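Submitted below is the structure of interest, expressed as structure tokens.
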Amino acid sequence: MEEGLKIELGKQGVFVTTIEELYNWGRKNSVWPMQFGLACCAIEMIATTMARYDLARFGAEVFRPSPRQADLMIISGTVTKKMAPQVVRLYNQMAEPRYVIAMGACAISGGPFKQGYNVLKGIDRYIPVDVHIPGCPPRPEALLQAFMTLQKKIEEQPLTGEGRPRHLDAEAQGEFPVPVQGEHDLEPTSNKLVWPLPVVIR
Amino acid sequence: MSGSLRDTNLEGWNRPPVIVPDGEGELLEVAMGPHHPSTHGVFRMDLALDGERVVRLKPVFGYLHRNHEQIGETVSYLAMMPYTDRLDYICSLTNNWAYALAVEKLVGQAVPERAEYIRVILAELTRIVNHASAIGFLIQEMGASGTPLMYAFREREKILDLFESLTGSRMMCNYMRFGGCRVDPSAAWLDATRKVVAGLPQFAHEFENLLMSNEIVMARCQGVGKLRPELAINAGVTGPMLRASGVNYDIRKVDHYGVYDRFKFRVPLGDHGDIYDRYMVRVLEIHESIGILEQALKEIPGGPVMDPKAKIRGFRPKPGEAYGRIEGPKGELGFYLISDGGNSPYRFRVRPPSLINLTVLEDMCLGHNVADVVLIFGSVDIVLGEVDR
Amino acid sequence: MVSTLDQIFVLLKHWLVGLLPSVLQPAAGVLLSVVAIVCVFPALFALTVLLERKGLGRMQNRLGPNRVGPFGILQPIADAIKSLTKEDIVPLRADALIHFLAPLVLVVAVFLEFAVVPMGRNMVLVDMDASLLFFFSIGASTELSVFMAGWSSRNKYSLMGAMRAVAQMISYEVPLLMSSVAVVMITGSLSLVKIVEAQNQYTYGLPHWNIFTPWGCAGFVMFAIAATAETNRSPFDLPEGESELVAGYFTEYSGFKFALFFLGEYLGMFSISGLGTALFLGGWSAPFSFLWWVPSWIWFFGKVMLSICVLIWVRGTLPRLRQDQLMNFAWKFVLPMTLLNLVDVALWRFLGEGWLRWVVCSAVMLVAYVAAALTGLRRDHIGPRSYRYAE
Amino acid sequence: MKSVEEIKAAIEAAVPGAGVEIVPNPSPSGQHSLRLLPSHAVAVAYFLRDDEDLGLDFLSNLTGVDHLDKEIAEKVKVTRQVTKTVDGVEQTVDEVVEETRKHMEPGYLETVYHLFSMAKKHGPVVLRMRTVNRTDEVELPSVTPVWRSAEFQEREVFDLYGVVFTGHPDLRRLLMWPEFKDHPMRRDYKEPDDFEYEPTPHDTVLARAKDHKAAVAGQEGTGTGL
């Protein structure tokens, strides 16, 4: 929040603004990821928590195996069509506020395996993603960068009005529909509310 | 050699045993995975538990089925090389080698001597990375807060630095080519490698001590998850897991591929075939690998790293087929290729050691505790990318 | 001056209470002590969590949290803000009431345990004659809360975690009690205050702590093992064994309730360390007579933190046991050894003062432990192996 | 290590009527294979495993191959009687005419087995088996009772190719989910229309994108674009 606005608000009620800052500061500095690896990127994710890169510096080494206690889901690798319902279900099981980092080309778009019949072409078809990291696999530094980007994003979130986090918006979607594994493909093939088809004018 | 098939007369001798639950209560059915902290990725086991004892175990695969084989049949031979990196993503260089070997068999391509040495060096470094992290993960799964894993990854980072400076990538090296290797390592790289290799024995001893002197590790690993050699052979188990059951079968020794017959190394064998033996065999293999590395780094000749006659553009093998295999860190990694004369294989098949080693998972786990299942599963040492492909 | 510093909290309390009318004084006195405990130990909990994360980091060649505040000191506060504001999920099929009560029962029970632990000279909330008995009876209700949590969640992993926890905690309660009984036999009192005072004597400047006797040393080791199991710490953290049971009995807990479980677990560690300190490590007494001038509460908290550090160290190094091994260990090793300890204590008293009791009691313990170690390992065929090679 | 011809002779001596056929492999690898008749395959498998000399106790690799129906065009010389006017006289003359005939060779599914011996340390011996066609008669005998390592690999071939292995103890899909109906590794498998926007589509991707666009336009008539 910029300084001038802060003073302006301070005249009306400085209390609200400090709560917001404190709250965002708390959320930002205690993002516990879920212990959840999918494919190749998971190894780099593990490497990020290891001694050389040490994700723990940001207070994020508490990898919780249970989705209930986790704040961040790192989609580290290819999401297959067989796995996609489980990923969405896990996301539904997480408690708000929750964030998603799509790590690597596969999680973003299917990556090199995009043409495969069992590969989901990007997890953002079903759940909202906060930060995308390109790379195959991204280096640990890239994951750290994504992590800091997420922290910045949390820090800048206003608690009221437009752009407030989903968990403070009473009308926002809390549970995302889990796709069903059909006879030929997942049904539906995407969650239209989260992933509208891109309209490109040429 | 206990490869005899003495009880083959018995009907169903190679099937999992039937465990009768105690008492009359209902069995607790648990789906372990696909999201579970210790299934090494997205693997699932459907367990039926009688108290804590496992009565039935059915593995469920396919959560990471990324269609490698189909992609292999649509892209060109060379374009498949980076995909092999992503099969077993802990040891990409041995996958490269296995694929390059299969294609070289298919077209009858020779490899220059220097390239063979480089391949051996890289493959043995990869083996050390794989075995070290496997042991790290074992003790992590026993609940030691990741400390041994940190030490394993510390060495891994050193080796990955070497890979990165040579190939440009930490994990997905995409380094080998049909008829050689992509770039020639500089003298400085070889010196750096020598320096890293000189530090490895100390690390290997550290891990050996960890396994040899910790009572809890011994109490949890010894006598658990036994595998009979006859069943191991019949089920196609390969790699350290087979040798822990006492079967002397190392493809480096059997097939003499590459230049392995020029190096002196021994094949460690276990007598019990339990979890402890599997890990000790891996530790001892690290020692042998260090020996191979020292010899290879001493003897590496000069010369080209690529066969000048090797065809790169418009690579179209004549019709035919070939099966090439190497001793990967996890077991026999094979590639089976059928060419119809086109620029992509008619059939591209990966023989994944991880998947086939899992055939006996049920046999090993039945009658043990849930806690043992995690360790037995870890001792098979799989990577899901290779299991499901 | 020295005694003022030693009694500063007691004096402060008396002064504060003295400000009130005499009718309210007893109640206010108790209330003030309760508030002190309720404030001090959660603060200590925050510090310990940070210490654990930084300490584990150091053991693993890395830095640990260091971005929040200087050296990451504010990390626990950030975690607290996050945990308290996180959404609280109650599974649809769960038993909502019990699911809600379980963490509360745990925290309340653990706080009650602090009532009888002497934290310094004259610093104990309730000086009752049977305080040891009170401690153990309250301690038993933590099992109840764990089982409530596991049962009400309707999660298979939670249920298994709860069953493991109950089996484990009940099994280790027995050796825990037995090793404490040895101290009671020597002191002749169940009051923790009297037990500590009995140890606050010095010969040649050395203290009369129970750990410095043959039976006390063995008893302390057994107590430490049982206490670790009782608090579900590594290597006995099976109920929440991450690699097997996801998160054990609190798999389904999120937000505030999870934070309460976390708090309860650490408070349990403090209380049981406090008990161990009082029973074996001389409570608030100084380790050497010439250090008499250091305030007693510093010694108490110093000893407690030292035992916490040992627990963290153990967590960073040891893998965990299996359920049946854990049970075997409790019933076939720890319990017989604590029973033997009782015999040893009886001998100690019977032989009276003099060098003879040192020799006899030490010999009994030494022979027993060596014999147990040898037979135990031989019976299970466990030990280092040698391997053969094929050329 | 015996040559393929010797193995063939040994099999035929041990299992009468085995009907083994050598499939030559023209590539430099020289791994020639033996085609077995499904009816005798299990007996042959037991023989290969238990034979003293061969001792092929290790089934390393088992896989399926799909061969589509092939349209074979061959030039055939046909003798026809043609009525011609030779020297003003109508005569019936035999004439040799070259004519292209087309016929459909039915496709088949094939399984390939790579056998090694751990005891004797030799190999590979390559076996193959064929189904009758690709649609209904896709049964082959399972070798899982002989070599346990076939268990998952046969399930995989069943999943991806649709070969039904009779005698397999637990034949379910291995990789795809149980509700899935297709066999995706078959060469005529058509993927579901799973559109993905690409900034620079080319070749097959472009073709698929166009198909998708047409399909979407037909269904909804909305402006979801490429």
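Going in written order, the chains are labelled A, B, C and D, and every chain counts its residues from 1.
Throughout what follows, contacts are C-beta pairs under 8 Å (C-beta built on N, C-alpha and C of every residue); 3 or more make two chains touch, one makes a residue touch a chain.
Here the structure is a predicted model, which is why all the values come from computation and not from measurement.
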Contact-richer chain pair (by C-beta pairs counted) among A-D and B-D:
B-D
How many angstrom between the C-alpha centroids of chain D and chain A?
45
Centre-to-centre distance between chain D and chain B (centres being mean Cα positions), rounded to whole Å
29
For chain A and chain B, what's the span in angstrom between their mean Cα positions?
33
Mean-CA-position distance for chain C and chain A (Å)
39
Which positions in chain B touch two or more other chains at once?
36-37, 62, 65, 67, 70, 150, 154, 388
Please set out, as single numbers or ranges, the residues of chain A touching at least two other chains.
35, 50-51, 65, 82, 117-118
Junction residues of chain D, two or more chains touched
175-177, 184
All touching chain pairs, where touch follows the definition stated at the start:
A-B, A-C, A-D, B-C, B-D
Given the complex, residues on chain A that touch chain C span 22-23, 25-32, 35, 50-51, 54, 56-59, 61-62, 64-66, 68-69, 71, 93, 95-97, 167
What residues of chain A sit close enough to touch chain B in their complex?
35-40, 42-44, 46-47, 50-52, 65, 67, 77-78, 80, 82-83, 86, 90, 112-113, 115-119, 136-137, 139
Complex interface listing, chain D residues touching chain B
25-29, 31, 49-50, 57-61, 63, 65, 112, 114, 118-119, 121, 124, 126, 145, 147-149, 151-153, 160, 169, 173-177, 184-185
Contact footprint of chain A on chain D as seen in their complex
175-177, 179-182, 184, 189, 191-192, 194-197, 223-226
If we count contacts the way the header does, which residues on chain B are in touch with chain A in the complex?
34-37, 41-42, 62-67, 70-71, 74, 82-83, 86, 89-90, 149-150, 153-154, 156-157, 170-172, 384-385, 388
